[in-house]
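Provided herewith is a single structure, encoded as structure tokens, for subsequent inquiry.
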């Protein structure tokens, strides 16, 4: 499929997250979640990545559920649906619980989407917006630090498994000690890796000239421009409505 | 000869429609030295990861000694075999060589005894590592990190060794130290499986050579 | 022509000099082997050649490196790349794109070559290394050896005058090594300078000159065979 330009995706991401933060409305949150999912599926091509997305969602499901339950239990206004001693479920609690967890879900999905976009796509997108290179490199590096850190942490966990150190078998109090022991080397290594990644990019002529050519032209397609335009109108309109409501 | 690993009717693939192994038949002896070769991307590393329990989902029969691999816990497997990963940094968890080997010994469960300390020092001496024992891993060269992982193997002398490209990046002196260790082990009836591209082995200590080809494995 | 003049270097916080007053010259067509025990500074030397030391890695550095008549200190790393570039040991640090084809196209794209020429280099390199089947594969799913081949391929599409190769043979099958040997021979015949830090005897066998770091570090004077 014709891939969207990263600039378009960044605009859509900003739109979705800001709307999600602004609106305390279940219907809008649902629409935004659906839209984020659509964005994810349209951007990820391979089955392998879909698999990973599934895993990521499954592992975060517990967290989203916890947020939901906490919100439900701590909101006390609105109609009471169910009550047992001090526990109480109200319409408003349910409403806010769902909104909060959907909002959280959207942020996780968006973050996942951003991590999977290659380094240099960011640099290109930022440059076309006339960001200074140093800043865009910093942003791209920070965004990519998470997956690098993640891979290294996983690899350290594997190394522990080979040694017969199985996290689940260790006493609960020991586990933080083990994690702390892993953390420093993993962090230090990830930081030193970033330096060598930058070296490798530059030794392949990155940033040699102000612009570059492309094997496959990557101009903004008409679809990109249309989507960017609609997104902008949509964003302004919804904000306008919000302001009028106030 | 008892096989330590038995594959029969064995299939594995990362994706459902792309099998890496199909109907694989292989017996790996517990007390001899097995060499596995194959082209880049043929599945050598995958095979190592399967045998050390890092990868699971497979089809068909896959035994470690006489136990079904599926039924064994990660800990059971780690008590029988030890893997040297090809990606050498992936073998290290601590900040310095010294700490890394201490974690091998203590496993966050106990403290090192005098005996342990002596054993560790001997391992470091064999690979001539005294000068960088306390240096942070991220300041060491590739070859130095490799030596940490080889020293760690010496602390696991009673397990079956699975070595994924152990000789790459080693100079001739280190290669002969490692070869002698493997020969020594064989004389004591401890086996080793080696994945390597090196064709110019002193083949006197290798008992069986296999080649991965067309989703299966052939004896050479 | 690549010239090193009176190079001395040691890492900050470490007493041992990796090089002291070291001079060296390589001419077009030369294949040079860098030898030395593990930890003797083979990778460090390659970093000095291409200017990563002292530009990005700190330490006590003295001396000059020249490509032809140009002082390397006056070139930024991206400006150095078309003249001289390096493949490092760890392939995971050198892959940036989801698909192999993009990885190979990156360098010639930076050189502002015409898409037709980029395609020629990408396709040519893939077939020369006999990895055409990897063109549309995801880099993240490649095996270690395949990743190494792809990083080598991305140096070939850049096509610099001086190629620095750090442990290029690690994890490569014997057929793969034969292919690499053929490619390096051809490149040297066409006037490139190739500097190899490696342990593979086939690759080392290509070299006409050797820099032996053990000898340099042990003796008071410099020895260049």
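Order of writing sets the labels: A, B and C. Residues in every chain begin at 1.
What we mean here is this: a residue touches a chain if its C-beta (ideal position, glycine included) is under 8 Å from a C-beta of that chain, and two chains touch if they have at least 3 such contacts.
In this text, all values refer to a predicted model and were calculated from it rather than measured experimentally.
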Inset, instruction - Work through the pairs of chains, note which ones touch, and then classify the graph as line, ring, star, complete or other. - result: complete
Inset, instruction - Please name the chain that ends up farthest from subunit C once chain centres are defined by their CA atoms averaged. - result: A
Legend entry - Pair of chains ranked first by number of touching C-beta pairs: A-C
Legend entry - Rounded Å distance between subunit B and subunit C, as computed from the means of their C-alpha atoms: 30
Inset, instruction - Round to the nearest whole Å and give the separation of the Cα centres of subunit A and subunit C. - result: 37
Legend entry - Per-residue multi-chain contacts in subunit A, two or more chains: 48
Legend entry - For subunit C, residues that touch 2 or more chains besides their own: 90, 141
Legend entry - Junction residues of subunit B - those touching two or more other chains: 14, 87, 89
Inset, instruction - Report the residues of subunit A in contact with subunit C in the complex, numbered from low to high. - result: 46, 48, 118-120, 193, 195-209, 211-217
Inset, instruction - Would you tell me which residues of subunit B are touching subunit C in their complex? - result: 14, 37-41, 44-45, 86-87, 89, 132, 139-144, 146-147, 165, 168-174, 197, 199-200
Legend entry - subunit B residues within the subunit A interface of the complex: 14-15, 52-54, 73-75, 78-79, 82-83, 85, 87, 89-95, 103-104, 107-109, 136-138
Legend entry - subunit A to subunit B touching residues, read off their complex: 47-48, 155-156, 158-166, 169-170, 174, 177-178, 181-182, 184-185, 188-189, 192
Inset, instruction - Can you check the complex and tell me which residues of subunit C touch subunit B? - result: 11, 36-39, 41-43, 89-90, 92, 141-146, 149, 167, 169-177, 199, 201
